[in-house]
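One structure is given below, encoded as structure tokens.
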Amino acid sequence: MTNPIPQDRYSRGLARLTEVDGAAGEAVIAAMADIAPDLGKAIIEFAFGEIYTRPGLSLRDRELATIAALTALGTATPQLKVHLHGGLNVGLTREEIVETILQMAVYAGFPAALNGMFAAKEVFAAREVAV
Amino acid sequence: MTNPIPQDRYSRGLARLTEVDGAAGEAVIAAMADIAPDLGKAIIEFAFGEIYTRPGLSLRDRELATIAALTALGTATPQLKVHLHGGLNVGLTREEIVETILQMAVYAGFPAALNGMFAAKEVFAAREVAV
Amino acid sequence: MTNPIPQDRYSRGLARLTEVDGAAGEAVIAAMADIAPDLGKAIIEFAFGEIYTRPGLSLRDRELATIAALTALGTATPQLKVHLHGGLNVGLTREEIVETILQMAVYAGFPAALNGMFAAKEVFAAREVAV
Amino acid sequence: MTNPIPQDRYSRGLARLTEVDGAAGEAVIAAMADIAPDLGKAIIEFAFGEIYTRPGLSLRDRELATIAALTALGTATPQLKVHLHGGLNVGLTREEIVETILQMAVYAGFPAALNGMFAAKEVFAAREVAV
Amino acid sequence: MTNPIPQDRYSRGLARLTEVDGAAGEAVIAAMADIAPDLGKAIIEFAFGEIYTRPGLSLRDRELATIAALTALGTATPQLKVHLHGGLNVGLTREEIVETILQMAVYAGFPAALNGMFAAKEVFAAREVAV
Amino acid sequence: MTNPIPQDRYSRGLARLTEVDGAAGEAVIAAMADIAPDLGKAIIEFAFGEIYTRPGLSLRDRELATIAALTALGTATPQLKVHLHGGLNVGLTREEIVETILQMAVYAGFPAALNGMFAAKEVFAAREVAV
């Protein structure tokens, strides 16, 4: 019931965002700076500062859930790619990610799984190049 | 590339369905018997016999992914309830389920998270009564 | 490029609505009368008077398309039921309807197909009773 | 860039929630108390304390936007009803609400508009009774 | 209950389309000319001639509702951009648009809000260049 | 209740995939080979080997249903294009396809119909060039 003071939420959220999404996450925040800086701030403070720092579910599990949901929804390819990087950054293996996306064929249909897999293919390739 | 013969897919899938979803899963298959038995058969053979028996992702992780996706989609409350039972049956804790649903507020909005939480509340209560 | 005068759109649409959806369609229009009569009028004039009266696709095919779409979307169960009646009214067989809904498992996932099949089961049963 | 301290977010959000949604909003928070109190807290602090208290868009406009979005999504009927009450509470007229829902036929189809209108019909009737 | 004759619906709708969406709206109609001219005609006659000319909700409010809905749906980026122009054309301020999109984070999740904001950023920049 | 042995499902599915989708379908399977070959295999064995080979609904009707559903969903443009080719390959006329997409304006809104029509326009043009 006790809350940290806001400065803590922001810096804790920014640390978590950087830990999970790396440069890709920071780029999203930066892209919002000239049009809606408070959307970037809410992503840092609420999504990463409040939700992704909660105990009770590991970061790895959180990314698994996010990859599943964004693959199923099929409306957020850029954010799915950020979290495919994020999942790999916090310990998901490529095999686990591929299995998660494949399973979405059961719950959201084969087009959703295919489009998720194309996003994964692109992210995996980008990380090969980056090495 | 080698496949088991179909009888194997069916019995393996049925075993997996029973392991994960228990009576609730079998009730869904039974409800299809007089209108579309092959939909029930496909759920057993494909969803459970082919996907849920794959290595590379634990059953517990598969249920986590499914709960995340169905909460985010918001169009499949009966199936979400089946998999809330399923998740608890294969090792997810209530806390992990609550965290997964809560996190969907970030990716699919607060109404999706609220409706998922109401489903969880109903399932958790049903299991108290059943004890 | 020439249009019928509006009275024609309305009466032509009403005739088509009655032909396709029977009493269920008229009940929807009636239910709008005290809150948004113009929504009912638009359904009659635009949906049924302009679209469902077009040449180039049979009524039977139009209902097939609608049943597929509403099953896949998963957000319009009451309207799906109206069009399950409608499809049977204009010549689709139960087998064709069941096949259409089953196929949606491929494009929108098994929960969408299951929920569509439950709606079909209810509509088929209602027509047995009505005989 | 300066934030109020968290206690302020909570009490400011609770005041705003009560102002907009009245008892219905508080009932949602209460329903979360035994399963996910932090979801209720996030709705109060983030949705109402941070977003609904922002300058730049009137409360009436915020409810208009929410009614439009929830009608179009079609996956959140309980929350749509809460915000139909909310819209009326902060100055939207019934006519404006009916027009907003009707317009969603253009962007999300007639079933979405019909289901939104059925929700409005129920809410309007409940307020007659309550008087 | 009295309707204008169809020619009126068309010219009234075209005038409204031009007033709201300007060249972008007309370009959409033109793009349909060789494949489905009647889709363009229905947009003019029904969407703009019948809905957008109704009393009871201002044009500015209609665009606010449309921007909210299309941001939340996340499946219609080209149409969202047309209506971001439209909203600015009929009196919404950039701040009001940004607030509307930001609020969609609450109802459809942060990815929907982010993608809506990227569309707004592109539209705002295009209008700077055009000046 | 008797099933063909798995090799049969695969070769029967591949033949059906080739018949319906031609080179575009095979390209999708090939694209999965290095990341998730079993997704390609499931599309061949389950979607095409089990569903598209069922009696009770013609191939032409199956493509009509798929085009309707993917247009309405609005989240699977690449797959819609494959099935626009597929529909033409198995006997749908351009007029029937245009009518099906147009009708989706009624059930999923004008943006869905517009985006489906843009996909059809692109596919029709590609087939002109290919002749």
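As written, the chain order gives the labels A, B, C, D, E and F, with residue 1 at the start of each chain.
Convention: a residue touches a chain if its C-beta (ideal position, glycine included) is under 8 Å from a C-beta of that chain, and two chains touch if they have at least 3 such contacts.
Keep in mind that this is a model prediction, so the values were computed, not measured.
Common neighbours of chain E and chain F (chains touching each): A, B, C, D.
Two copies of one chain, chain A and chain E, form a contact in which under half of the residue numbers belong to both partners. When the CA atoms of chain A are superposed on chain F, the rotation angle comes to 120 degrees, reported as a multiple of 5. With centres set at the average Cα position, the gap from chain B to chain F is 28 Å.
Centroids built from CA atoms put chain F at 40 Å from chain D. Spacing of chain D relative to chain E, judged by their CA centroids, is 23 angstrom.
Along chain B, residues 38, 42, 46-47, 54, 70, 72-73, 75-76, 79, 98, 102, 104-112 each make contact with two or more other chains.
Only residues 73-75, 98, 101-102, 105, 109-115, 117-118, 120-121, 124 of chain F touch chain E when the two sit together in their complex. Taken in their complex, chain A has these residues touching chain B: 46-47, 51-52, 54, 56-57, 61-62, 64-73, 76, 79, 95-96, 98-100, 102-108. Against chain E, the residues of chain B that register as touching in their complex are 72, 104-112. Chain contact summary for the complex, chain E toward chain C: residues 3-7, 9-10, 38, 42, 46, 50, 54. Contact residues on chain F toward chain A in their complex (touch as defined above): 28, 31-32, 34-36, 38-39, 42-43, 47, 70, 73, 75-76, 78-79.
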